[in-house]
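The same subunit A turns up in both complexes below, where it pairs with subunit B and then with subunit C.
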Partner chain A sequence: MVTTVTSLGRSGLSDWMIQRISAWVMTAYLAFIVVYFIGNPDLSYAQWAELNSSLPMRMFSLITILSIAAHAWIGMWCVLTDYITVRLIGPKATAIRIFFQLGMIAVTLLYVIWAIDILWGI
Partner chain B sequence: MLNVSIYRYNPEVDSEPYMQDFQVDTQGKDVMVLDVLEKLKTEDPTLTFRRSCREGVCGSDGVNISGKNGLACITPLSEAVKGNKLVIRPLPGLPVIRDLVIDMSQFYAQYEKIQPYMINNNPAPAIERLQSPEERAKLDGLYECILCACCSTACPSFWWNPDKFIGPSGLLQAYRFLADSRDTATEERLANLDDPFSVFRCHGIMNCVQVCPKGLNPTKAIGHIRSMLIRSAT
Partner chain C sequence: MDNKRPVNLDIGTIKLPITSYVSILHRVSGVVLFFAVGIFLWMLESSLASEQSFNDLGAKLSNPVCQFIIWGSLAALAYHAVAGIRHLIMDFGVGEDSFYAGRNSAWAAVVLSVVVIALLTWWIL
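And now, the complex of A and B:
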């Protein structure tokens, strides 16, 4: 059993499941947006603003943004723990990795807050 | 004449590893890679590699043959030679002791972690613990592993985290005991695997399946472990 402090769900199973579910959410959102654009070739700003200011669409967008954030967190955590390790780059690795991990978490949270601000500011 | 390029490194003499070129006359025969190594060793006794059974059972002579991990004794030249050239390197990802011999301590440490033995605290029956033919059939494709390390050393996740990720070979063995109807430590075994590294560093790229000289499928076994973890979770 390996312990971790900066992974999203703390358990491998939890991270794995979040990764799968968030992937499905992003796929559904992408499919919806593509179909919407194809179905509305003469899309006007008013129509686009109306769609994005409706509560169901805001919720769908927010769930997708949270999915992207969780997906990115888990993915970046995997990449950082693969390549920035004591085995590969020496004893400084732990400090460097935690710096990048906390930076990644901070950027992810900032994007989420910014996205909420945009969504509810329409 | 076959051109053979072999990774050489003797830490007592060489400051760094190098590739040494040889020419071998195979007389047009499709011999095994191990036969070529044996022939070269008669010419240069310092060439070092592991071998034992020479028939794909002991798992000693796992090496990287023209870019693909495999057992030298059961890989014919017709499969390994590209453009009349054969390149032999040690299995990647583990420390080299000398020439083609690697230090497998990390590999065995991961194997040890999964408790590769039957755990059953019930009183032993008078004769033996019986299994139905169906229960026994679940072990097919799992018990045949010879621990040659071809799969684990072909896995990038194992290269990066050999101290944390169990690796395909160890996980195949872990499932061998999880699937055994006579083993009663399923919950304890699963609890030891539910962290972000032990099992979940497997991203399913299936290098292990591609190289296994026994034709086993560690990725499938890892999928079964994941399913068992999901079923046992709350």
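And now, the complex of A and C:
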């Protein structure tokens, strides 16, 4: 189980479940935004700011960015642990992979903080 | 781990089915999206900071270089979403009972994402 120490859910089944739930949340958000943009082709700043500063939309956006973070963490973990391996790129692979994994986690957390800053700064 | 074990599955020498390409492209678009999230957040921030920055963003989005970057990001999103929804449908036991069903839904995902990306291109231009 040592190899899964940097995965989000610490188990494949847990990661699978989080990946599915976050996918549904993001699909719902994407569907909402697409319908909203089609329904409001001449969107004004006032209307857009009003929508995004309402509590339900802030909550929806917050749950979506948390889903993006979890989904990206799990997805990038899969890609990095599949391709940056000792078999594929040699003995330095583990150090390189840990570097990229930490970078990925840092960027993911920065995205979440940035999104909260945007949404509650309107 | 014993690194001297032979590797028999050399993926580079194997002719891959459409399902493999759909899967590989799902991964590639996912990695692209990891960076595109930064672009989307920058657009969200610019559109919400003030009326001035909202209008400035509109002006920036008419720049061809900006348009191309956003087109690429949205195309990756469209493909990843379509291929992802294919998996979500399969979770309900639909189309995952045979290789042929998987191959058909893989082709459906390719066709649908091409249509969505075409609509997207038309919307941006």
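The rule we apply is simple: the second predicted complex is superposed on the first by the 119 of 122 C-alpha atoms of A that agree within 3 Å, B and C clash if a C-alpha of one lies under 4 Å from a C-alpha of the other, contacts with A are read in each partner's own complex, and residues count from 1 in each chain.
Here is the rule we use: contacts are C-beta pairs under 8 Å (C-beta built on N, C-alpha and C of every residue); 3 or more make two chains touch, one makes a residue touch a chain.
Since the structure is predicted, the reported quantities are computational estimates derived from the model, not experimental observations.
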| item | value |
| --- | --- |
| Which superposed partner A:Q47 touches (first subunit B, second subunit C, both, neither) | neither |
| Comparing the two partners subunit B and subunit C, which touches a greater set of residues in subunit A | C |
| Subunit B versus subunit C as contact partner of A:T94, first or second or both or neither | neither |
| First (subunit B), second (subunit C), both or neither touched by A:L13 | first |
| Touched partner set for A:T81, first subunit B, second subunit C, both or neither | first |
| Residues on subunit A lying within both footprints (that of subunit B and that of subunit C) | 78, 87 |
| Touching residues on subunit C, where the partner in the complex is subunit A | 1, 3, 7, 27, 30-31, 33-34, 37-38, 41, 44-45, 47-51, 54-55, 77, 81, 84-85, 87-88, 91 |
| Subunit B residues touching subunit A - in the complex, by the definition given at the top | 156-157, 160-164, 191-201, 226, 229-230, 233 |
| Residues of subunit A defined as touching subunit B within the complex | 1-4, 7, 10-13, 15-17, 77-78, 81-83, 85, 87-88 |
| Residues on subunit A engaged by subunit C in the complex (per definition of touch) | 20, 23-24, 26-27, 30, 45-46, 48-49, 52, 68, 72, 75-76, 78-79, 86-87, 104, 107, 111, 114-115, 118, 121-122 |
